[in-house]
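Labels run A, B, C and D following the written order; every chain starts at residue 1.
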Amino acid sequence: MRIKLLFSESFRSLAANVSTTVAATMTVLIGMFLLGLFIALGSWAQDFGETQKEKLLVKVYFCTEDTCAKAATPAQINAVRQQLASSRLVDEVTFVSKAEALDRMRRQTPQLVENLSSNPLPDAFEVKARDGADVKLVSASLRQPTKPPGVEEIKDGDEVSDQVVNVARVLTLAFLVATIVLLVSSALLIANTIRLSIFSRRREIEVMKLVGATNWFVRGPFMLEGLICGVVGSVIAIVMLLLAKEAALPAITNRLSTSSDIQAWPFVYVSAIILVVGITVGAVGSGLTIRRFLNV
Amino acid sequence: MQESDVHTQVAPSDASTGANGVAGNGGDPLFESVEQPIDPSSGTMIVFERVTKIYEPNVSALNDVSFAIDKGEFVFVVGASGSGKSTMIRLLLKELEPTSGRVVVGGRDLTRLKRSRVPLLRRNVGCVFQDFKLLPNRTAGGNIAYALKVQGESKASIRRNVPEVLSLVGLSDKTGSLPEELSGGEQQRVSIARAVVNHPPLLICDEPTGNLDPDTSVGIMQLLYRINRAGTTILMVTHDREMVDKMRKRVIALEDGRLARDERRGGYTSE
Amino acid sequence: MQESDVHTQVAPSDASTGANGVAGNGGDPLFESVEQPIDPSSGTMIVFERVTKIYEPNVSALNDVSFAIDKGEFVFVVGASGSGKSTMIRLLLKELEPTSGRVVVGGRDLTRLKRSRVPLLRRNVGCVFQDFKLLPNRTAGGNIAYALKVQGESKASIRRNVPEVLSLVGLSDKTGSLPEELSGGEQQRVSIARAVVNHPPLLICDEPTGNLDPDTSVGIMQLLYRINRAGTTILMVTHDREMVDKMRKRVIALEDGRLARDERRGGYTSE
Amino acid sequence: MRIKLLFSESFRSLAANVSTTVAATMTVLIGMFLLGLFIALGSWAQDFGETQKEKLLVKVYFCTEDTCAKAATPAQINAVRQQLASSRLVDEVTFVSKAEALDRMRRQTPQLVENLSSNPLPDAFEVKARDGADVKLVSASLRQPTKPPGVEEIKDGDEVSDQVVNVARVLTLAFLVATIVLLVSSALLIANTIRLSIFSRRREIEVMKLVGATNWFVRGPFMLEGLICGVVGSVIAIVMLLLAKEAALPAITNRLSTSSDIQAWPFVYVSAIILVVGITVGAVGSGLTIRRFLNV
């Protein structure tokens, strides 16, 4: 079946079946809008959780040439590591070298890193307390009686209770589940609608077969139709999400004054997911459904 | 007004064969125009070999029916309502499988024809369905064009053939009408036009004149007669006693699913 | 086999009127059995008064048609394919509105009939549609039962009437078959059975024998004739020349939407 | 149209149109499942927010006969009120009398209150700090130099940052919006499906009208069908939610060890909402859709 014919047949059929076309497109639209909303919220919740967890960490920054007279020696660093490792209160110690720190920074705020001639960042330990409530004790034990040699600064974790971290964790989980449920639901709903709309045209398919159309000649336009519905529905959903984002996000971020560092996934990712899911379900849904009616 | 078209175009006797697309090319040219699942070397077009068709659970529509139809024949199939005529046609298009027995079309045993070859078969068997089977979302012209599109006809050829065949059945002015905007007889004629447009070597008609007035019927019959003379095998189910008695062609009569009569130059009822 | 049913049941001449449910009650009893939108005092059943019907944008299906049909008449409507016969029927059922002119059925002006009274009209006008219009999800029996249910017939009466009318059209053994499991002629007979089952005072038939063999046709015609003799007005569209010529009833002929002929005891073609 | 006939016609039609029936029921099912999920999550989030806000409150409990030698006098209570009201740090002071406190308790844990002969609860003030971070200061200022006379105990708010409260607030809002979006979406989706399924039967409706069926004779069974689909879909959704709840909730509550006092809406409420929405959309959706096809 030639491409041009395929397209002209599909559009002809879309126009001739406005009612079912609109229904299918609307289903894709709603499904994808919900899906997008929850991917965005879910990724935001996940990032919120990460940020909260981050806050529980005690950070030990070592001296550099810039900050103290001279940089911390490997021996000094090792001594601190041993002190921490021996503590009952400490769960985990991670060493973050200058280079790694710069890498992280480059990822988060590339524009800041661009203009640096050398790496001004210090080596550091990230110390995780065994219990969120002990964060203060961990940093205090390090400071007492004095800061160990070579350590420039010890930064406490914020005063964030375990509970908040747990809430964040549950939140992430909940949104993950919700997103998966929605993904499956949208797919089912769209497939369902397509099934219905093809079902209402089964006599037509029967006739096509009887005048000698091959399976692909019948199926092609239906799949393309499904694909077009999928694309159109997804694109409208993306536009609506974008509008919602522009309208709602400032309001929310204002309320969450301190958490502007919490990021949802970039909108392009979300859009891409929506588009791929919409298109796949549209085209594959049509393709599979119609198989059932092709055995005339 | 479209009636007059039919008459002026179809009536001018059989001498004018060759003047138009449908009955055009003389000899047996219809075979060359389409891909070939139907064997042209054999002299037999259709063979029914002890065919029985039982609709589940227990309706016996055809019962041990055997006959053969040669290429180029014009055969009437008659029989009371419910005697199995349409079932016979559905077997010929492999829309149904026989419960037992063998159906051969153009040398191919349909019971053993691969599923993927069925579309090819149907393109070579023009069929006028008793209930027309037009695509409800396509215009009269679109319905006919679809039959051409499925076999990959070019746009140019479609644009040439569709108006031609529509004018043959007297519907030039209805090209753009949807089936639901056509009268019963007009729908039937669109169905006829679709069946003949791609010059199939075998043409099957299930009561093609059931919804037509006598004058239009005669016009359609003349059209079919011309097509037959050009080499197309025609199998026609009909209830039109007058026509069968006048034409004196071969008549196959079914009675309760059994072959009751098969006469070379028969009438509607046995004499 | 069902053919023989028709013959034994319908053939026994018109003397047996009263022996069965359809033509049962003699005189004009059909009026009493249903609620009354049709005025029984008037002697006229149908009036067409300068009726014009133009399908948008520009198909003129009926053009200034006027005639009147008295109660108890048997009228044939003939005309070429596309001449406006089915359009006339759709006007009588208020399925369409005339572009201009007045359609009166049983003394009621349909153009002024309230929307809520339309169902009542249709229950009083039995109609055999050209394309049958059976409910695809209901069996033959279920289709007929539906026509009784809509007018609130009791279960008992349905259980009695349905098999009776099905046997009248020779389909006793097809009660449980869905339309798609019936042959063309069988569907047509179910449509006829549905139209007559509730004894409407006016019966309209759009080519009720188009898919029937001559013998079954005769059976159906005898049935209709008996029903007419029992007082029902019958308007019948047909292409069956032989039947019209033999019955010598009133004939209304349409030609391109115009009333071409209206003869008291006419033939299919004007003499 | 008699009731029995109505029902028999509806069931006949449901059975005869299995394909569309299943599709419509499934759509109701999915829509209502999502809706229920989000009502539950939303009400949970709201309660979480309330609890967090609650934690910001400093509570001042006055003496009763049981706890101190003698109960606090109205004068003592008034003195504390004035001290609080004059503080710059305080936003709002609410008096909770013994009686009110008992009322609250009765609502929260009726089984505890049942067996009480007298009211053991003290009068109290609930003090809201102007800034979440100042909670400690407020309570400290009350304690210094000593507890005011008549005060039995001063309970600090937990160490909950403003941010958490804000998060909770946004969360509540987000779930509210999500629930409304879902409510509308479900309704649209279900109506859409019903539209399609009736659309595929429009010829049938036409024929019914032509043999003399009144509008209600045609519409009744369709509406009952829609209603049945609505009920069945909703009930299955409720069962699925119940299962999800039984399976998932223990796991979540374990993680959120301290927050077992946070409650979602009672399941019966959620079920009731689901059922009402499902039924309404099912029946009304059918009823409205079919009107379009009834003007034959």
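Note that a residue touches a chain if its C-beta (ideal position, glycine included) is under 8 Å from a C-beta of that chain, and two chains touch if they have at least 3 such contacts.
Just so it is clear, the structure is predicted and the values come from calculations on it, not from any experiment.
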{"item": "Greatest separation from subunit A - chain, by CA centre", "value": "C"}
{"item": "Euclidean distance of C-alpha centroids - subunit B vs subunit C, Å", "value": "31"}
{"item": "Whole-Å gap between the CA centroids of subunit B and subunit D", "value": "68"}
{"item": "Subunit A and subunit B: spacing of chain centres that average the CA atoms, whole Å", "value": "61"}
{"item": "Subunit C, residues touching no fewer than two other chains", "value": "none"}
{"item": "Multi-partner residues of subunit D (each touching 2 or more other chains)", "value": "none"}
{"item": "Touch-based graph of the chains, sorted into line, ring, star, complete or other", "value": "ring"}
{"item": "Chain-to-chain touches, reported pairwise for every pair that qualifies", "value": "A-B, A-D, B-C, C-D"}
{"item": "Interfacial residue positions of subunit A with respect to subunit B in the complex", "value": "2, 5, 9, 13, 16-17, 203-204, 206-215, 217, 296"}
{"item": "For the subunit D and subunit A complex, residues of the former touching the latter", "value": "19-20, 23, 26-27, 30, 33-34, 37-38, 41, 48, 158-164, 166-167, 169-171, 173-174, 177-178, 181-182, 185, 188-189, 192-193, 195-197, 199-200, 248, 252, 255-259"}
{"item": "List of subunit C residues in touch with subunit B within their complex", "value": "1-3, 55, 59, 78-82, 85-86, 130-131, 181-186, 188-189, 206-207, 210-217, 239, 241-242, 256, 268"}
{"item": "Residues of subunit B that touch subunit A when the two form their complex", "value": "93, 95, 116, 119-123, 127, 129, 133-138, 146-147, 149-152, 194"}
